[in-house]
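By written order: A, B, C and D. Residues from 1 in each chain.
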Amino acid sequence: MSGLFPNAWTVARREYRQRVQTRTFLIVTAVLALVGVGIPLLPVAVRLIAGDETTAVAIHSTDPVVQSQTVVALGAILHGDSDGTRWEITAVGDAAAADVRVRDGDLDGLLTVSRAGDGELAFDMLTEAGPSSQWLFAVRQATTQLSIGDRLVRAGIDPTAAGGIFAPTPFEVTPVDPDAKSPEETYGAAYMMAMIMVVLTFMAVLTYGQWVAGSVAEEKSSRVMELLITAATPRQLLSGKVLGTGAAGLTQYAVVVAAAAGGFALEGLVAERVLGDGGSASLESVNLWVLAPFGVFFVGGFLLYATLYAGLGSMASRQEDVQMATGPMLMVGMVGYFAAFIGLNTPEAQWVQVASLIPFFSPYVLPIRMLLASIEPWEWLVAGGLMVAFLFGALWVAARIYSAGVLLYGQRVNFRAMWRAVRVNR
Amino acid sequence: MSLVVDSVSKRFGPVLALDATSFSVEPGHIFGLLGANGAGKTTCMRIVLDILRPDSGSISWQGRANTDLPRRTWGYLPEERGLYLRMPVIEVLRFFAALYGVPAAQATAEVGEWLERFRIPHYRDRRVEELSKGNQQKIQFIAAILHDPEVLIMDEPFSGLDPVNVQLLKEAFLEMRDRGKTLIFSTHQMETVEELCESIAIVDAGRVVVSGTVRDVKRAMGRQVVRLATEEADGGDWVEQLPGVTLIRRGEDYLELQVRDGADPRSILAAAIARGERVTRFEIADPSLEEVFIEHVGRPAAVEEERHLAGSGRGVDR
Amino acid sequence: MNLRLLVQTLRWNRVRLLILMAASFGWGMLMPVIYVAFGDAFKGLVDSGVIPAELMSFGSGNFFTLSGALTLGLQHPMTIAFVGVFAVGSTVAAIAGERERGTLEVLLARPLSRRTIYLTVATAVTILISLVILALLAGQVAGVAIQGLSDELDLVQLPLVFVNGLLMWGAFAAFGLAASVTFDRHAPALGVTMAYLLVNYFLEILGSLWRDVDWTQQYSLFHHFQPGSILTGKVDLFDFGLLAVAIGAPVAFALIVFPRRDLAAPS
Amino acid sequence: MEDQQPAAVIHTTGLTKHYGKVQALVDLTLDVRPGEIFGFLGPNGSGKSTMIRTLLGFLHPTSGSASVLGLDIVDDSVEIRRRTGYLPGGIALYDSLSGADALDYLNDLQGTPAVRREELCERLQMPASVLRRKVRDYSRGMRQKIGVIQALQHDPVLAILDEPTEGLDPLMQQAFYSLMDDLRDQGRTTFLSSHVLPEVERICDRVAIIRSGHLMALQNVDDLLARRKRRVSLRWRGAAPELSGIPGLADVKTDGDRMTATLLGDVSGFVRAIASPSLVDLTIEPARLEEAFLEYYAGDDASEEVRG
């Protein structure tokens, strides 16, 4: 059998160009890049728009004491809330007029407070907001706090002492490594980051793996395959396909990730310019360079999946059958994905460590351990070695499936028939 | 040295797709591989191309085993046609040329020549999907020969082509032969075989039932056919009195006579003129290949289909 | 309507349908279980601030009430992926897919009017979606029963939830079918329909995550599927009416366009 | 209308179909008579399939009108399809069905009893054992046979067949020809397209040739045959016979004592002229329709704009 190159290169180049030049590719990439930039900037935009807006809630009560107390207390609680919403809490006497204003949209809500026979405070909110509305949620929480304070007072506890009851307990965490940032400072951001990485990996593997499988099936259904297979060896075709389509996928992926990274980088700056305050760049606290070695595993894992996708794709004769044929890969990918999600909460667990070494799962699980735990150098070596070994194994297996599969036409995907064909041929 | 297919057998599950198939093709010849649907022609071609490996037997070209030959020895036009529909013609062709290691500049120049010859130079930059079936077929033919293969193997190259395109393709075949190439093709149209092929093999149920030059194969039938029409529709009973002549068919306005080997067909014409018949039609022909084919392969095709089905899905002739 | 075509269309989908019904049933059963097992835990998690509260409230569903948990089950991205891909996938494949496989020509050669073909396929799709939604609801009822929460659920309201769900998914299916008869190729028909689905979903999610623009939800078909409200006894007929219009428009479009189109143009 | 045959089974008047700027059919007027086998010929992409699909109501004519079995192709296309049988070119079938199920399904949709099914299966050699298999396992030839059977199983008055022998081996071609002969004997009408000229010569009564959507010729096959050319070759001993006065003889090439020429039309004059004792060898090859057809086929390739 002749060597891989230059034919694999020829196939890859055609594959890459064909895909990158399509209008669909350009549009989808552009849209995704916009979304990538947009998501990090969205909170800024929200604050920008919401910044000028105030939520106006009128308080009405037949009991003027209750009314004024509620206005003060609710105002204090809500203004103390950190999410930046501006509140306008006013007292109204004319409930009917306020009712009209709510319906006209002048007021966001009319909160009627009354004291029931047993002394409990009861609240009734008239509003157009849906039950899932955030501000309504905030008001609801505030009223709960208000009620509890009220109950304490009625139980004879001094309101000033009541403050002490709810004060946070002092609890410090001292890291072993004094140079490391306090986990508390970065953990939340790192957690989010790890979650994003898992989702991104999953999407890349799933989407672009499907591309590879689809393009193999397309060559079969358009019957180009018979010409290809006489011109080049299955191994050349398979690796060219994986490299070309994979590179196209990674191109799109890189554009989108770069756009998103740009968005994150700009978030603080934009916030400062637009909002005047420093804002808080959500991910600045995470050292993104931690992720550099992960890039290698991402590409390796991606190629591993894509190779097997190509092999399985060769069993389908039509686009509709691709899903069926690549089902097993989807399952494997899902297992890694869910494992990673569970692992997010137990990054130090032993099974997470094992999973991070297995090539099919390492692209998912490694970022978790990198961001939320620590990795020994030997682990890198083992994971890397296994990845390379699996890649070659996958290429061998996939090429076998491929050389048998590409000439099977019209067959339902049948693994027993495949296995026979793999054994019979070559 | 010729292309030698030497007792090649290939079994797909319970079905023997090729059963000790042997034939040879002289270099520089056009060779017709004939057979009913499912006889094993495509399997045979794929084995020659080393896409499939035989269970036993061997193939050699110029004395070298096909497994040792570089892929660019062969050009292949498969039965089921397909190209990258979304790509411009020139790019598809350059791509296939590149797979065979042909430099882009050389490929471009040759594509130009061939498009000119096929009278479609203006389709050079069009996308393949914009072309008619006939023109796509021509592009596929060019794709099969751009790397200047020594042997060109084509599965049903004429199917679905209109007579003008058939003519162009036939001319291309002859041109390739004149360049010293060897051509092997299969078809169901016996007229085409008669016109182009020097020699043939008829495959039936994976076995070669007859092979050789077209003339020898026909002569081996041991008879010639004469069609005779005269102005007087007298029934022509006198013909049957002639030695070595049998009346095989009474057409609407002519008689079809079979002349046994050794008898002289011209004696019929002489006899007719001697009798004072006014001859309006006189044709002498070897039996047509169609007749040869039907004689050799003509048995209930159901058996063929059964064979085909039992072996289907395993790369058999489809 | 042609009975034979209907039966055959259903038969072609039977494997997918069975898989999907089983999955829907399981998924439906899962929700009440999750509610019992994790409802409180999630609430704690949200209160602790680790996960933004917004992430926990898709649509009108949440884990803190049974009806909320059920609603979440019906509106979860997973459900949308399940039912959406099926409703959209099978409808789009109905005409455009058959065209692409080349079998449309033999079908069209039969003495069936285009309207008959359209209405038959539409009926088949309605049956398919109904079965999937029924499986999902059955799963939920089963889950509720297993958890012994039957008294918390108002079974009388379930038929209304079914109709509401059928109308919403029917609206997407009707759109998909209209796309299917409009485009010759499978890919653009699927693309347009998926885009329609995603835009609707985006409007819904945007509104639920970002309260300042919750008006966007009004323009999402998802927002007019309100199992949560229906389960708690609040039925808004406007939702039903609007969804009916969202079905009617593409159906009318298809009935006008399909008979007038050139089909099976030379390929 | 049920019992009395209309004067023309297919009748088109100025039938025109444009795809955007491309003219697929231009002002096509022709008649297909009851009981004939009508051959519809033309280069690849000349508009044959467009014509057939317009007749069956898949495409809507840009202008002009046509009727099939006396029914308008736009208003009564369902009824037309009920009474005809159609074999699409390069037929695709439902892969997941068995051959028998596919035939059943298509026939159920047709709504007319499949009275000829058994006969057709036997003649085209599709035994029950084969019909039980899935269509996906079929070879090209077998798919084509299923295609022919589904088009004819309900014994339609009119069969429209697009390249019916494509992919059939010579044995099956013979079976198909004899089927066609029987259909004609039973008064059925067949409208078929083909590229194989010997086949057209053999089975068709009349042919229409179109190119770039234009009707180039509409003729009896017998008339076309009268225009055929034969290739003759002869060898003689001694003096060459005098051949100059023979009508229709052309392209005369002499090579020593051998001569080849083409002969147009009647051979009687030629045979009389050469009937001399010095004649050693004479071959007159069967006439081919090819040349006669190619005259109409040749020309610019503009037709290729339309794919079909």
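Please note the rule applied: a residue touches a chain if its C-beta (ideal position, glycine included) is under 8 Å from a C-beta of that chain, and two chains touch if they have at least 3 such contacts.
Predicted, not measured: the structure shown is a model, and the values here were computed from it.
Q: State the pair of chains with the top count of C-beta pairs in contact.
A: The chain pair sharing the largest number of C-beta contacts is B-D.
Q: By Cα centroids, which chain is closest to the centre of the whole protein?
A: Chain C is the most central one.
Q: Quick check: how many Å separate the C-alpha centres of chain A and chain B?
A: Spacing between the chain centres: roughly 61 Å.
Q: Measuring from the mean C-alpha position of chain A to the mean C-alpha position of chain D, what distance in angstrom results?
A: It comes to 62 Å between the two C-alpha centres.
Q: Just give me the whole-number Å value for how far the CA centre of chain C lies from that of chain D.
A: 50
Q: Need the CA-centroid distance for the pair chain B / chain C, whole Å please.
A: 56
Q: Taking each residue of chain B in turn, which ones touch at least two of the other chains?
A: 313, 318
Q: Which chain D residues sit where two or more other chains touch them?
A: 45, 90, 96, 136-137, 306-308
Q: Touching at least two other chains at once: which residues of chain A meet that condition?
A: 410-411
Q: Under the definition above, what is the set of chain C residues touching chain D in their complex?
A: 2, 4-5, 8, 12, 101-103, 105-113, 260, 262-267
Q: Tell me, which parts of chain D touch chain C in their complex?
A: 19, 24, 45, 49-50, 53, 56-60, 78-79, 81-82, 86, 88, 90-94, 96, 105-106, 108-111, 150, 306-308
Q: Which part of chain B faces chain A closely enough to touch in the complex?
A: That would be residues 12-13, 46, 49, 51-53, 70-71, 74, 76, 78, 80-87, 95-96, 98-101, 140, 143-144, 313-315, 318 of chain B.
Q: Note which residues of chain A are touching chain B in the complex, please.
A: It is residues 2, 6-7, 10-11, 14, 18, 22, 222-232, 407-411, 417, 420-421, 424-426 of chain A that touch chain B.
Q: Spell out the residues on chain B that touch chain D in their complex, using ranges where they run on.
A: The contact residues of chain B facing chain D are 35-38, 79, 119-120, 123, 130-135, 156, 159-167, 188-191, 227, 231, 266, 269, 273, 278-285, 290, 293-294, 297-298, 300-302, 305-306, 308-309, 312-313, 317-318.
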